[in-house]
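Next up, some structures in structure tokens.
Look at the two complexes coming up: chain A is in both, with chain B in one and chain C in the other.
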Partner chain A sequence: MQWKLFADLAEVAGDREIRVDVGPGATVGDALDALFEAQPALRDRVLNDSGAVADHINVLRNGENVGADDGLETTLVEGDELALFPPVSGGR
Partner chain B sequence: MKTLNIVGPGAVDLADRLVARLDGRVATVETLPETAARDTDASAAYGLSTDGSWIGAGDGETLDGLLDSLTPDYDVALTVGFADARLPTVAVADAEAAGEIRHTVAEAVEAALDPILDVVDDLEPRITLESLVRRAKASPQADRSGAIATFTGRVRVKDGEDDTPTTHLEFEKYEDVAADRMRTIRSDLEARDGVFEVLMHHRTGVIGEGEDIVFVVVLAGHREEAFDTVEDGINRLKDEVPIFKKESTTDEEFWIHEKA
Partner chain C sequence: MSGLSLDATQLDRYSRHIIMDEVGPEGQKRLLESSALVIGAGGLGAPVIQYLAAAGVGHIGVVDDDVVERSNLQRQVIHGDADVGRPKVDSAKDFVTTLNPDVDVDTHQTRLGRSNADLIEGYDVVVDASDNFPTRYLVNDTARLAGIPVSHGAIYKFEGQVTTLHPDGPCYRCLFREAPEPGTVPDCATTGVLGVLPGTVGCIQATEAVKLLLDAGDPLVGRMLFYDAMDMTFDTVPYAEDPDCPVCGDDPIDSIEDVEYADSCGIGAGAD
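Now for the complex of A and B:
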């Protein structure tokens, strides 16, 4: 599976695309853990103090937000596109 | 309007050959080696014939300014010989260019044109507020429309008198998802009574102080729905479309959400 990263997350990871060794049948959460294995610096940016994905972080699977808790349990299928990014920059 | 720059020996000839093969209205802009001479003290002098044909000469123009003014009216602009322009470029021989060189040809007269036409097909179009307004006016429902409302987001230099000046912003987009979400917003808004066209464009990459970033254009029956819809359009775009902003001031650079 491939993670697409944006903004400061891409900067912290040093890359906009990170490949992880997780296949169809695994969950989004598994893919996220694998991402942290590959890029430990991301853990602090993505997880809150309780170890859950911070509210302001977006986890997308095929362009859709996976949602807070259940979302990470979503099973991956062949060709899924995963993305991780901070809040979209509305700006004032 | 797509813009393509051509540099190197014989670039003018290559441009001429391309004009014949390009679809739509094409404008060419060639570098002039010296001041454009004209026989008047006026800042600009034009000649216009009853058949619509014209000539013009003036001063104070920049390539960017000129291309912006061409954008609503032409489908392709070929700029010839602008080695310093940050535009997608076709290079003849070993000519150098400030812009990204998308294709190289050994020489101009015999060079195959098909690969260059492919480059043109793949180019991101140049968009200005006026080009979107022009498209809105071309709507099949234009004769039902009494109102056009537009929003332009631009790079603000200072938020207050003592604010550290912003030198530029940099925008990154999650391409396909952003396009998808913009399409959704547009079709939601166009479903409203009396709203006929909603057009949006958000530029990416580095955008300098005072430059335009994002446009929303609404063609509607009456001004009430035009105003409401343009406001909702930009608010939803900022809320829902995955675009990320990095700010550079004279002191530092930071992603916008990091400062929230």
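Now for the complex of A and C:
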């Protein structure tokens, strides 16, 4: 599976796209764990103090928030695209 | 000016609008009679003010507490070299007056906060061209409680995010319940910003504002548009109303009195 990272998350990870060795049948949560394993610096940026994905970060599967499915328990199928997107605030 | 028809100069000035069925003389009159509040006269605000003024949006309010700095001129296209040191709202007003005498400008040289957020009220549309999370959450919450649509745009280095927060659709908190803790996301003074990026994003915000005022087309309601200037790609991410949203959900707040627009801008006991 491939993760796409937006805004400052891409900088924390050092890359916009990160491939993880997680296949169909695994869950979005498994792919997220694998992402943190590949890029440990992301863990602190993405998770809050209680270890859950921070309120302001959206986890997307094929462009839609996984909350509409089973959240991090959502099962991955072949060809799924995963993304993490946070808000940005610049405007000046 | 309700009931008045367009004069000869206006028929000429707005002829490229008037000729289209989607706008026409009625739509142009509607623009001339409408009002927009632009929050921020910086990178995003500059093209927004420029195009709303050119389009003949008759009443434009501008909120900004800053003065023009030379480092702004790489992207803030309504301010000029001679404006360095002047309040941005004054420079913005001069720009509009020079461009289009049909447009009245109300300047508010202040920072929008809880105590003066009521200046949003009475406008037909709000364009959020601010540069920080507390203002963005304040604008979302205040405009939603007042039933006013917001054209939201935000930028980061080479990326833009644009969406339209309409009273009939989800609000910004449905997508991003709370702001990241201060310091988590670096600002553009630290990271830099591609000068033309706010031009692209601001023009999309202005497009949305004009559509809202005309009640035409399909606004970016429930859709977040992502623009990546480096890849030159646009992605649209749909988002839905969140029944648990503290501002537009099933049990919403009725005022912003108790919301702290600092840190994560959270609302209520559940905020962390």
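Operating definition for what follows: the second predicted complex is superposed on the first by the 84 of 92 C-alpha atoms of A that agree within 3 Å, B and C clash if a C-alpha of one lies under 4 Å from a C-alpha of the other, contacts with A are read in each partner's own complex, and residues count from 1 in each chain.
Here, contacts are C-beta pairs under 8 Å (C-beta built on N, C-alpha and C of every residue); 3 or more make two chains touch, one makes a residue touch a chain.
Note that the structure is predicted; figures quoted are calculated from it, not measured.
Asker: Just checking: does A:Pro87 make contact with chain B only, chain C only, both, or neither of them? Give me first, second, both or neither.
Answerer: Both partners.
Asker: What's your read, chain B or chain C touching more residues of chain A?
Answerer: C
Asker: Looking at the overlay, what does A:Asp8 touch: chain B (first), chain C (second), both, or neither?
Answerer: both
Asker: Have a look at where A:Asn65 lands relative to chain B and chain C in the superposition and call it first, second, both or neither.
Answerer: Second partner only.
Asker: Going by the contact rule set out at the top, does A:Asn48 touch chain B (first), chain C (second), both, or neither?
Answerer: The second partner, chain C, only.
Asker: List the residues of chain A that touch chain B in one complex and chain C in the other.
Answerer: After superposing on chain A, chain A residues 6-8, 56, 58, 60, 63, 85-91 contact both chain B and chain C.
Asker: Inside the complex, what are the residues of chain C that reach chain A?
Answerer: Against chain A, chain C makes touches at 40, 42-45, 72, 76, 128-133, 136, 153-157, 159, 161, 175-180, 184-189, 193, 198, 226, 235-240, 264, 272.
Asker: Quick check: in the complex, which residue numbers of chain A touch chain C?
Answerer: My answer: residues 6-8, 45, 48-50, 54-56, 58, 60, 63-65, 68, 85-92.
Asker: Using the touch definition up top, name the residues of chain A that touch chain B in the complex.
Answerer: Those in contact with chain B are residues 4, 6-8, 56, 58, 60, 63, 83, 85-91.
Asker: Spell out the residues on chain B that touch chain A in their complex, using ranges where they run on.
Answerer: Spelled out, the residues of chain B in touch with chain A are 153, 171-172, 174, 176-177, 180, 238-246, 255-258, 260.
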